[in-house]
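Take this structure, written in structure tokens, and hold onto it; I'll ask about it next.
To keep things simple, chains are lettered A, B, C and D as they appear, and every chain counts its residues starting from 1.
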């Protein structure tokens, strides 16, 4: 079954909820190896998204996704702002005119979205960034059968994402602010990879409704 | 936390409102937030735009005005501004000759300014992004996000601002800005921490006799911590870090008109006989009197190493809120740089 | 005590050495110690000399240059300089039109400058002493040594400096300086203490949430201590102290060519409709960003009280070492004052 | 017996010693109601006097006294610098050409010297300044018989000075920095009156040699 517009709106809504809930936790993660603002940034961004959403809720999927991207882009700031902004905007472009999202559509969406992160941030696997999560997740999603229901595909990607997040812990950061810490960045999960896991978890939940 | 503030959420906005009231020669816009010359756009002149997190005042908003920046985009305290600010600001200042974004090398700033450049270019406005990455406390670019942009930013905004005023086109401005960045190196020392208003507590804690060496401008940890030494010893150390710094190579991304192109840049080290502009900066809480003690020793060290200080700047220009401490920037100065360094500037934070 | 210093005994001398190195347009002499324009004496121009304890930088040495002071005499930190410094300085800058001493009203400064004036007059040089006594935190002159000289000093040095440059004679300069002083009023607030290097410990101790209201510029106790409030509340209080201050009368001693003559001066209070120059000053450790929050509220209070701010100055100009805090000075501005306020100035600490 | 040059030099020498010895005490007194520098100022001044003294030790009394005054004037700073500087310089002028100081000479010296303080600082009795000591002391000295030995005259003035210093304690300062303290200046002896007492005590000792 493809993702409906109601499910997409539920996904966005759940992300807003989780970033309010995890604001302090994400900020603490960022305090350890960054500048203690990632949770604040994500919370500010999704609060703004919720403000904007009513103006496009009756539009098609890409219009909604683009609004999410543009709003994150103009309200999150820092490194994660343009990364997530690009993620949603590039993803939107892959869904031209669609009103629901099949598994095949989701593959195209995610490939474009993750491509946006790579293009903007130029992370490599092992740099200890959100891409350390999205790289394996994208691979898992692309490997799925186009005929498999989207909910199943996302559910199957979740353990991959969890493992990927855990795998960032022993890494020494080579991108972003954490890289200035050198060896002191070892032993902490990456804040951006953590927020990315929340995005996938909330998608899984939204597809249940 | 003792500060002259009302609510922590309103700090940046209220400070900008105060600045707008005090400086009618500037226009401050909110939502999105940017500062421009009241007479912008200046027809036919390349427009200079910079920006970054707030908390470094007078940089950047205080450097908007004749002979320096056309616009500045202030983010939240120590947080990069967003592309919409930069985009609107660029549109407001473009006088037809294009827009140069002067970008301090922090991942957030770089990505936001790159996004902005794409948006601006899509409007048919000529645009270029030049990075400032001059902090020698960051040793390599391979295992890090590269050197941070610090003191050289101030000098670049002054020098390239004057060149734009003198009629340089966008490529010439970009070339000059890149050169200034490649000729400039900085090193910073913190005597105390600073407190981000929203955080409410000091970013780090130093003992009563400790200093942090090699800090950036956001209260990031430096290279090491040590007991405070005499100003002569600390100055000599900082100056040596800069003067003895070897060649530095990294890849930067510049706009080629259509898309992004990688460029490998290598900065030559200082050499005996170089003329330099010496910039002794306060981190915000150190008064100018103490900076002159730094300058005194810096002059001696430069002489001993065969460098001649031909111009100088001493004062609080790129700060970290109320942090006590100083940074030193040395900029190799050729005739082109000196000519524009000496040119007039009329801004709230820098007048010549 | 965390400072950029070597030995406490050498602090002032080494800072002045650094300043001399950074500013070849100044000449710094030691033993006795004074700072003069390198092009002094300027023939035919009235020479302006000020001075006082060190620790208030950029005042006064930083205001030596074209359009402001001809000479400055730095004392030990927070200690009045001595007549021999003033005498030698006056002789070095007199260009034949006489010397105006601008003296902040502290007993030590007043007496040392009076002694100096007698010595200078004995050499056949025309001389006059004008007092600055503008601190409204001191309520009366009958039971005290009178109001302290604070922020108005900076404005007077700028305005009278420009008048001297424009050809005012000594009496005209003295009259203008006296008027500026009578038109100016100030009030200061400390968020933290400062530490005199030779003392090695803070002059006073404030709790983590306490501020001291009505302080001078030497860490003297103020009128009262209170828990820190919002910048709006503290600014409104300080502004009200200044704007609502009633007429102030005291006796000053001026030189009549032969000897000292007493003059009773009464300063009128501010009145609705007055145009003012607003000066928001950092005590040294407060960054300029926070000062703009003060300015924002000050503008509002002035408007509400019927005063129009027509010019402003925001920054660290008359400091107390590294003290955090601010002071506000309002100066009633007529055409003569505005003309000279707007005139060029080229000094290390003030450029226009 | 008049004061000899040896005695004058001994007086200066003893003052230097006492201001070194009492540097901290005087500074503490000044910390209570002023700016904590009076002891430092006096010590700096007399150390400079000792440096300069050899160059005039072979001159007459007024030349020596004038040198003391000019040196204090140019090295003490603050309020006490010009006050004590004037004290010695005006006193010197009253002794034109003298090579020793009789009781009558001392009267003239002290009248001129204290007059200098009054002229410069315009203190009134009760303002809580050094003049609260010199006023009564001058009166006592002037009341003495011109034929009385100087040592006796000075000795007789000492209890007057001690009482005068004690009398400054309950006063509220109306001159100098202490005046800004208002009522908080009550309960402390005046630092300048204290240093003035030391001057008189050392004179008494010097006249014994």
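To be clear about the criterion, contacts are C-beta pairs under 8 Å (C-beta built on N, C-alpha and C of every residue); 3 or more make two chains touch, one makes a residue touch a chain.
Values in this document were obtained by computation on a predicted structure and should not be read as measured data.
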For chain B, which other chain has the most distant CA centre? D
Quick check: how many Å separate the C-alpha centres of chain B and chain D? 58
Nearest whole angstrom, what separates the Cα centre of chain A from the Cα centre of chain B? 32
Find every residue in chain C that makes contact with two or more other chains and list them. none
Touching two or more other chains - residue numbers and ranges from chain A: none
If you connect every pair of chains that touch, what shape comes out? Choose line, ring, star, complete or other. line
Can you list every touching chain pair? A-B, B-C, C-D
Considering only the defined contacts, which chain C positions touch chain D in the complex? 32, 75-76, 78-85, 106-108, 111-112, 114-115, 138, 142-145, 148, 196, 198-199, 203, 216, 218, 220-221
Interface residues, chain B side, partner chain C - complex: 2-6, 11, 14-19, 21-22, 54-55, 57-58, 62, 191-192, 208-209, 211, 228, 230-232, 234-235, 284-297, 299, 312, 314, 316, 319, 321-322, 324, 326, 348-349, 351-352
With touch defined as at the start, can you tell me which chain A residues reach chain B in the complex? 35-37, 40-41, 70, 73-83, 85-86, 120-121, 172, 174-177, 179-182, 184
